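Pasting the structures here.
Two complexes, one shared chain (chain A), two partners (chain B, chain C).
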Partner chain A sequence: MASSSSSGLTFKLHPLVMVNISDHYTRVKSQMNPPVTSTSCSNTNGNGNGAPAPPPRVYGCVIGVQRGRTVEIFNSFELLYDSATDSLDRAFLLKKQELYKKVFPNFYVLGWYSTGSDAEESDMHIHKALMDINESPVYVLLNPAINHAQKDLPVTIYESEMHVIDGIPQLIFVNSSYTIETVEAERISVDHVAHLKPSDGGSAATQLAAHLTSIHSAIKMLNSRIRVLHHYLVAMQKGEIPYENSLLRQVSSLLRRLPAIESEKFQDDFLMEYSDTLLITYLAMFTNCSSTMNELVEKFNTAYDRHSRRGGRTAFI
Partner chain B sequence: MDIEQKQAEMIDHFMKQASSLKGSAITPLVLEATSNPSLFAFSEILAVPSVTELEGTENATLLDTLRLFAHGTWSDYKGNMARLPQLVPDQILKLKQLTVLTLAESNKVLPYDQLMQELDVTNVRELEDFLINECMYSGIVRGKLDQLRRCFEVQFAAGRDLRPGQLGNMLHTLSDWLTTSDNLLVSIQEKIKWADTMSEADKKHQKDVEDRVEEVKKTLSLKVS
Partner chain C sequence: MDPYPSSSQIAQKTWELENDIVSVDTPATSSSADAASDAIFYYDDVAQAKFQQEKPWANDPHYFRRVKISALALLKMVVHARSGGTIEVMGLMQGKTDGDAIIVMDAFALPVEGTETRVNAQADAYEYMVDYSQTNKQAGRLENVVGWYHSHPGYGCWLSGIDVSTQMLNQQFQEPFLAVVIDPTRTVSAGKVEIGAFRTYPEGYKPPDDPVSEYQTIPLNKIEDFGVHCKQYYSLDITYFKSSLDSHLLDLLWNKYWVNTLSSSPLLGNGDYVAGQISDLAEKLEQAENQLAHSRFGSLIAPPQRKKEEESQLAKITRDSAKITVEQVHGLMSQVIKDILFNSVRQSSRSRAEPSEPEPEPMVES
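Now for the complex of A and B:
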């Protein structure tokens, strides 16, 4: 059903929208399947909580700004789906739209979203129903199935186009490409979630471990890419792949940038900073030790030194 | 990268022309290719069959010129000026640019003296003008000029055409890079494990101390009571 879009619109998607949609879906899903308790294990009826119910589809509206040929989707809100009439709750939508207009006067309803693995025929009804608010709404589809092998985001944006199929002009969904656009606040929050830093500050060891883990994953990615290049060049040398000069030139210019930093001045500065850090750690440890010793001596005095006081002798320290 | 993209169209254009012409008709083509201000890659043109056929014929000098531009430097030209045809100023400029690229291959820090010698430039001002105008503005080189220490630090240099032996070197460098990053990954993992075990041991130690304190407190309170 989906071919690639020819309308020439560029779509920009904000991460807030994706977080909203996935949050909506997760909430509905966890409300549908209450957590398994020990009493339910005795439920001998075949259809206990163990049988996975089909994942619910959630619906909502996306809002944003359209400037010329660029459509930027900023935010989204949820809508109720009425399966009896197979349409979205219109009154609620209008009320929500009014409320959002007061806070964000620039944002218009650009389309709607849903979850699922692929666009379906029934979605076209909802799409047509929304066409009176926006002549060409966009349909954002999030695939909630977790696929660890997949590298891209499971979000697709569909537009509707009029195509002639079997002699009848029909509206069908066509796939469009999009880019992710972030505001500074969004970038910080996404970064935070990605790293899952221990929020209480943790002990030094956990912070160190977290920092090292992030470096580790970055280097791992670099490593895999270099490996790909290496295999490619080996194959080229063996003759399995014809020489591609442009690529070889780029690789040679890349390799020329190694080693990235190597000069006497760098070594000097680096070693100086290294020894400074070691010195400060040593000093801090010393201070710690001497204060612990001091406490120990005071406790010793308090505990054992009662007799000498009568003699008028001054206590230790 | 951008230079390659800029060159890609021109390389295609010249290749098409070269494959349709033969013999001495290639002369003006070679001249045009080597004077073109944005073309730095000649190995594709060298690979076109009608160009390789020039070997050994009276137009072999054309092939040599092309090879000079693909792999050689300004000093090579000066050494062989007898055998190669006279170069027009555009070609001389391009050859000097390519010389800078070759020099950037071996060192990251190029002293002014070496550059002045290789490029036949007498004063520093002219050298810097050449580097800034011809090399950096055309995007083939990126770097910093250090006038106090009289050197040019290269951060990025576009690739020249590969000599046949260079592929082996590149593979060697790549595999070295791979082993280094592998080792680094292993050592980072060990460090992470070490940090975790140390914090575990520390917590355990704390707990042990507290337990002993509790015990002693209990025994004391028992003694008192």
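Now for the complex of A and C:
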């Protein structure tokens, strides 16, 4: 069902959306399968009932901004699934949308989300129902199965397109690529929770170590990615893999982008920033020195105070 | 995949040992471990109601000591606080209690701009709150409101006079209730989350001598407000937790994220804030200088306690200046590293040797 999207829209996904969906799913799952508690006085019903219930599907709505060809998904909220009509509860959706509009006036309903391993036929029904709010909604699918072997994010974004199959125009889901977009604050808090960094100051050494470690990990990733490319190119050169010109062109254009900036103005600005920082360091050192000096003088004063009081002389300045 | 014995992993282990990091989540090796780590998400309303009845906090004002915040709540609060820019924003937190800990599962924003002059900002938002809670319960989020959060953009995590009176009111009628303050400007500048959780003491309660909380710099125009009220509340320890699915997602997210980490430039975004900090520091320095000048003549007569206070004033200033410098230096380090990585390669076949600029030494600990 999923082939490549040809609509030309670029999708940007914020990590908040993913954490939202994951949290929704975990909550519903854990309410369905209450954990075994040691002080279970109230858990008399169905606690150790063999296999847990199959993981539920949760549904919700994604909101964000669409500017031209770029669709940026910022946030999401939960929705109710009405199994009687096999669609999402419309009144609830409107209510929730109203609430969110008050706090985030710029965000519009962009589509909906669900969990599962693959898009299903019934999803198209829900998708069509949403089309009156947004004429081309997106469908974000999160696969909650934790598979440690997979390297890619288990999130897929589907769009609907009209395709002619067997002479009948039908709407089918097509896969779309997306990028992860973030703002600085989001990145820091995600980093914080992901790696459980220290939240308080620690010593200057700890802070420095933490800062450099994060940069180091990022550079390590860069390095490993470049190695993969390098390995691939070497194999191509040896003739093990057939030439692929489009890829070679991309690699060549990537290489031609280095060095990133080489103008005079950049060097000037860069050096100015450098000197500014050095100046701040100098000032701070100065403050440190004067404070230490002050302490020294005070201590000296205190030490010689007895002499001056007895002799009546003024304090040593 | 990774041929090198990762020195970063060794460093992380050392750091974890130093800081007694206890991992809240056990890795999901079996389904029972999965269930155990996700158990925190289960809302047991019977147990909660029972706890509500017992009210153990009524006898001990210092009853709650810890706060556990979920990854989702933290993310939402920080993003909301940052989106307000320099305007204070506020919202509510939902969760439950667990012994002496308050657990925050989720947070949502309120459509009011919290300003320091509005005592009853929440009165405007009651309708919103009721609506939101209702829809949430329907959608399967069963927790109650356990606190409120607001932001102090650029001036640190503490409770102002208005905040203290609001919180005292809350603690009278809506127990258990928690106050959380987030500083999004300092978060971005320092590269780590600036957040504090507080509870106030009831009126007239004299707290036993609390250990002095971690020092943070307060701008001069707010320092009075801070000083007057800082004894009326205590701060709670904050830890974070995430579900197994969250951990998995976040790990995978790193595969895409590293680009953002490398490309972030804290120096660019925080120029205004740093300039503000430096000018504030200059004012404080002038104040301290005046006090010191007076004490010079009074040193024979004045009791020794006076001298100690002025010295600590200057020491505080030194610590502040060290902090600003450290952040600047970190930012510059990132810039220099990026420059080395991406600018020192030339189109010719040989690449440049090690750059000659020495990296600036970080500030020594004050």
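A few remarks follow.
Keep in mind that, in the parts below, the second predicted complex is superposed on the first by the 184 of 317 C-alpha atoms of A that agree within 3 Å, B and C clash if a C-alpha of one lies under 4 Å from a C-alpha of the other, contacts with A are read in each partner's own complex, and residues count from 1 in each chain.
In the analysis below, a residue touches a chain if its C-beta (ideal position, glycine included) is under 8 Å from a C-beta of that chain, and two chains touch if they have at least 3 such contacts.
What you see is a predicted model; the values in this text were computed from it and never measured.
Of the two partner chains placed around the shared chain by superposition, chain C is the only one that A:Val193 touches, whereas chain B remains out of contact.
Touch criterion not met for A:Leu171: it reaches neither chain B nor chain C. Of the two partner chains placed around the shared chain by superposition, chain B and chain C are both touched by A:Leu258.
Residue contacts after overlaying the shared chain place A:Lys220 against chain B and chain C alike.
Applying the stated contact rule after C-alpha superposition, one finds that A:Gln237 touches chain B and leaves chain C untouched. Ranked by how many residues of chain A each touches, chain B and chain C are led by C. With both structures placed on the common chain, the touch criterion links A:Glu78 to chain C but leaves chain B unconnected.
By the document's definition of touching, both partners, chain B and chain C, reach A:Leu208. Shared contact residues of chain A with chain B and chain C: 203, 205-206, 208-209, 212-213, 215-216, 219-220, 222, 256, 258, 262. The touching residues of chain B, when paired with chain A in their complex, are 1, 4, 7-8, 11, 41, 43-44, 47, 104-105, 108-109, 155-162, 166-168, 170-171, 173-175, 177-178, 181-182, 184-185, 188-189, 191-192, 195-196, 198-199, 202. Contact residues on chain A toward chain B in their complex (touch as defined above): 203, 205-206, 208-209, 212-213, 215-216, 219-220, 222-223, 226-227, 229-230, 233-234, 236-237, 243, 245-246, 248-253, 255-258, 262-263.
Here chain A touches chain C in the complex through residues 15-16, 18-20, 22-31, 33-37, 42, 52, 77-80, 92, 95-96, 99, 102-104, 144, 146, 148, 150-154, 179-180, 182-194, 196-222, 224, 256, 258-262, 270, 273-274, 277-278, 280-281, 283-285, 287-288, 290-291, 294-295, 298, 301-302, 305, 308-309, 315, 317, going by the rule given at the top.
Within the complex formed with chain A, the chain C residues making contact are 1-2, 8, 11-12, 15, 18-19, 21, 23, 28, 31, 34-36, 38-39, 41-44, 46-47, 70-72, 74-76, 78-79, 81-82, 105-106, 108-111, 128, 131-132, 135-136, 138-142, 184, 187-188, 191-193, 195, 214, 238, 240, 242-262, 264, 266-267, 269, 278, 285, 292, 296, 299-300, 304, 307, 311, 314-315, 317-318, 321-326, 328-337, 339, 341-347, 357, 360, 362-366.
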